[in-house]
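Look at the two complexes coming up: chain A is in both, with chain B in one and chain C in the other.
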Partner chain A sequence: MSRKLNLRERYQRMTRDLAWEPSYQSKSDIYPQMEFEGIKIEDWDKWEDPFRLTMDSYWKYQAEKERKLYSIIDAFAQNNGHMNVTDARYVNALKLFLTGVSPLEYAAHRGFAMVGRQFPGAGAQVACQMQSIDELRHVQTQIHTISHYNKYFNGFHDFRHMHDRVWYLSVPKSFFDDAMSAGPFEFITAISFSFEYVLTNLLFMPFMSGAAFNGDMATVTFGFSAQSDESRHMTLGLEVIKFMAEQHPDNIPIIQGWIDKWFWRGYRLLTLVGMMMDYMLPKKVMSWREAWEIYFEQNGGALFEDLARYGLRMPKYWEQTIEGKDHITHQAWGIFYNYTHAAAFHTWMPDNEEMDWLSAKYPDSFDQYYRPRFEHWREQAEAGNRFYNPTLPMLCQTCQIPMGFTEPGDPTTIGFRASDFEGNRYHFCSDGCKDIFDNEPQKFCQAWMPVHQIYQGNCGGATVPEVLDWYHLNFGVDNFDYEQSPDKKNWDKWKGQAAEEPEAPDEAA
Partner chain B sequence: MAVKAITPDYKGEALDGVDKFHGNIMFHVNWEKHLMFCAPVAFAMPPDAPFSTLLEETLPTAYGYHPDWQKVDWSKVEWTLDHEPFDPKPDASLEDNGIVHRSLLRFTVPGAEGIAGSGS
Partner chain C sequence: MADAKNMVYLALQNNEDARPIIEAIEEDNPHAVINHFPAMVKIDAVGKLIVRRETVEEKIGREWDPQEIHISLVSLSGNVIEDDDEFGVERDN
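Take a look at the complex of A and B:
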């Protein structure tokens, strides 16, 4: 009669005991990517999974979550849940989030499947396998949300195609492509540690709270369903760093280099999230500045104090993010306001109440540098002269964001950095982005830069409508200012009807 | 430092060499202290185009929206080319002015400080 195994024994049987020592192939042939990054692992059995989750329990928990999630998503659809959001402007934050992040969830699914295959340790293999399946689940749930909103709002219709082509979606795409084309140890440091552990709270906490504040229960639901996975992913991120650090002292400078790189890449990517928080949520949760203080300065600071015992330090250029927290979201919103005629979502200028909120949250920067610019734009728009930048922007070769970030210490001067490599010049927005290029120019000289591709004639034509057609965006529908958008017209119509009739409009099939 | 790659002597193909631009060069222009234009801009033009084309056609189209554009007097504008002081010759070509693929031109209009002096 078999006795019931305790948790530790179950974990042992269901992970480590599933592995075996190969006898007729060499380990280096089975795991060919283990050497080239320079990371030295002496004993994979030292890998500790603090969750000790086994595959059979994993299926059980996830299946339970799926049942709850889809019943809520169904209810949301049946009850026209989208009509409960605060304002249709909010949906533009969703457009950016769902078209920008959902393909990354899928990329993460692929990435973890690949690195799980490459790591020789059974504990790491199982952890990566679970995360790979989690990420597939996340992209599926997000696609269900896309599918619902796509019935009522513009810009959601072809996120997969857009991901490979649209200029601002190249920012998240290039971030993940960079990680996936690195070796397995860099990938897992980039995604599990630098992004999931250090920065993911800045993606999920304010954004999911923002969704809840703004009545978007579909997003809140997939957020909560993903959240319990995220805590497991974060733990994996920390375990990866500690494991590599403890395995060999030679690993430390390599890990530090990756932390420096991926912190900066993540910081640049999260600028888009900060912009959503400060400008795109009709009901604000907290400012980017506040979120950065809590989730990076306090929590991140404590983390790196803890990691100091391995000889790891704060990511290079973190000081610049402290000054940058007063500026980057306003500069990013300016970028999208400039180029919203080429985007799949709408922009607008804040109203007086929102301007005052920004003044209060950004006492050291907003009134001095940004309010005059925004009030001028608003006056011009009201006079029928809405500003659209008629010329393509210069891009940073690394983060691919238009070069709109200013020099540390001087918020009225654009930051410029450049490097020459094999007869070509490359431009960067910051020291962090320049360092990343200089460390791997053979990689980053291949970056697919949207503006350069347009000028090379590879994007459908030379005019905005031609390029938008190539992006699969509908000119005059998905783009331009919110005020003139079909989304706003529809929303006003539906809300007007809702005031007359008790029932919300039902167009769902 | 070379990229750490699983392939020995890995080399990447530069995607944006001048050979890819069908005879044009791509260069960048920034109007200092006018961040209403959120970022420097990029132009692709033939290297033998006269610099005056930039002054008379290209830049007015790019920047004419700004109220400070009225203050532009090209004889007083201060330029840098690739971070060096630059005194452009309007009748000479871009190339003869030393502008090459991926060059960066920055110009400052004396007395123009952007919307309400904010650098916008």
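Take a look at the complex of A and C:
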């Protein structure tokens, strides 16, 4: 009686033993989404959650994480922590994070609550429940942390509204909407495996190490606090794949198709993060190229060797990402430099020291393809001709990024693919995005394409100020080059009078 | 990607809670490579990485539940091993 239960027994009692067999309702009525995706599960008891975390331990550890986090957020605010960041340009990385990533945490909270309800196995239900609560915690802590920056810098004020409307934010938004409108098995493969296990390190590690390197203690802390949950999420992702693979051989081609799709979608989405690492951090941590080598080539390589025993292989088109690592961030920054008059953050051209860093980190591409272009733009800006592209870009129907990525094997030609469906022609940036559309044309032909919507008159009007008004962006304040921004003016003023208490600028009120 | 075979890693925050855990890992896994990043320590190894409860307890002078690692863990790669006495990741291909 007095013997303490070991970890395995405790987990058994506190999860599996709390479930029951239904007696007066059929399982198919209770879990109506279990069949339609074609995944066959014969025995949910074979689910092996390697983190045998019970709800009571979960609350204990999460409470500890919150206590640590909020004491640092308080200290940060009390000590005017925003004044310690390397440069106000850095804050633009946070704007991208709050408008682009934090709403995805909330979407993940909803998504895991939904799939946790659909899975019949108690182990899977508990893991999804914990993750759903984690994701809610993440979005809350991110809003609390970043709200401090909202007092001093522009572009943060209505991030939730922007997420649903601003053109480039449709990239992360449509990624999650796609997952949430799929079935529960695809959702969990997309988010837990393809995103959390294979790619999430490329989101959080660079952002948080970047924050640490650039003096942003508050962001480091919420980042690592969130990331400490991430190990559990990643492990759930791996378990899901192994479980489905072991349950029935018919599952393998379905899973492989989802891995192919979601790897490519995640890779395109992470272009925004890569651009942040290479261009938006005044003090760089590592290049996108290096991060891709460590976290995808090395780590992903080992993972897929592991999964080969089930007949699963590397995601389709992974070779293109190896070539693309030399190019995509420069191309994306070029796009945002062109369209920053319609964005909620500022852009700029790298200074000489930063150009040299890029040359060193990208010896096979930067000097040859991008440096001359960027130097030309910089000269033009210095001569008073800062270029803003007045024509709306063509978007890829799948990833929704403007069509600016180049052909594999030819970094001087823009990639271009098309498919016809029910009398309309749809356009894509790559083979990966075209394949995704061709597999589910009925779904992707319905995508809400920001540029089409502007042309159709659904976004407030035909001029940039009207559209920005509809986005809830302040024209002349939140947009345009960093050099002319109120953010820069304020920052220079505060740094010039650093001994005095800084005041909140009128513009950010 | 030939050199990726059976690579595993644990990444921990670089703080007071995690330091004795990192020391314990170094001691019990002589094949591990410790990499320092801003605010984070990433420990790479081929095959297996183990955090032993006993070693951590010796370092901190109190009882330690391997699940406490959740507070400082940043990321991991590999198949998780978890019981009352150890926490770890492994790959065996």
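In the analysis below, the second predicted complex is superposed on the first by the 495 of 509 C-alpha atoms of A that agree within 3 Å, B and C clash if a C-alpha of one lies under 4 Å from a C-alpha of the other, contacts with A are read in each partner's own complex, and residues count from 1 in each chain.
Operating definition for what follows: contacts are C-beta pairs under 8 Å (C-beta built on N, C-alpha and C of every residue); 3 or more make two chains touch, one makes a residue touch a chain.
What you are looking at is a predicted structure, and each value in this text was computed from that prediction instead of being measured.
Student: On the A-aligned overlay, A:Asn201 touches which partner chain: chain B = first, chain C = second, or both, or neither?
Tutor: second
Student: Just checking: does A:Ala418 make contact with chain B only, chain C only, both, or neither of them? Give me first, second, both or neither.
Tutor: Only chain B is touched by A:Ala418; chain C is not.
Student: Please indicate which partner A:Trp377 is in contact with in the superposed arrangement: first for chain B, second for chain C, both, or neither.
Tutor: In the superposition, A:Trp377 touches chain B alone.
Student: Identify the partner contact of A:Ser231: answer first if only chain B is touched, second if only chain C is, both if each is, neither if none is.
Tutor: A:Ser231 contacts chain C only, not chain B.
Student: After superposition on the shared chain, which partner residues are touched by A:Phe51: those of chain B (first), chain C (second), both, or neither?
Tutor: Only chain C; A:Phe51 stays clear of chain B.
Student: In the superposed arrangement, which partner chain does A:Gly334 touch: chain B (first), chain C (second), both, or neither?
Tutor: After superposing on A, A:Gly334 lies in contact with chain B but is clear of chain C.
Student: Within their complex, state which residues of chain A touch chain B.
Tutor: The touching residues are 32-33, 36-38, 183, 331, 334-335, 337-339, 368-373, 376-377, 387, 389-395, 402-404, 406, 411-414, 416, 418, 421-427, 438-449, 451-452, 455-457.
Student: In their shared complex, at which residues does chain B touch chain A?
Tutor: 1-6, 10-17, 20-22, 24, 26, 28, 30, 32-33, 35-44, 61-62, 65, 83, 101-104, 114-120
Student: Provide the residue numbers of chain C that touch chain A in the complex, in ascending order.
Tutor: Those in contact with chain A are residues 1, 3-9, 11, 13, 37-40, 67-68, 70-84, 91, 93.
Student: Would you pull the chain A residues touching chain C in the complex into a rising list?
Tutor: 6-8, 50-53, 57, 61, 64-65, 68, 200-201, 204-205, 208-210, 212-213, 220, 224, 227-228, 230-232, 234-235, 238, 285, 297-299, 301-303, 305-306, 308-309
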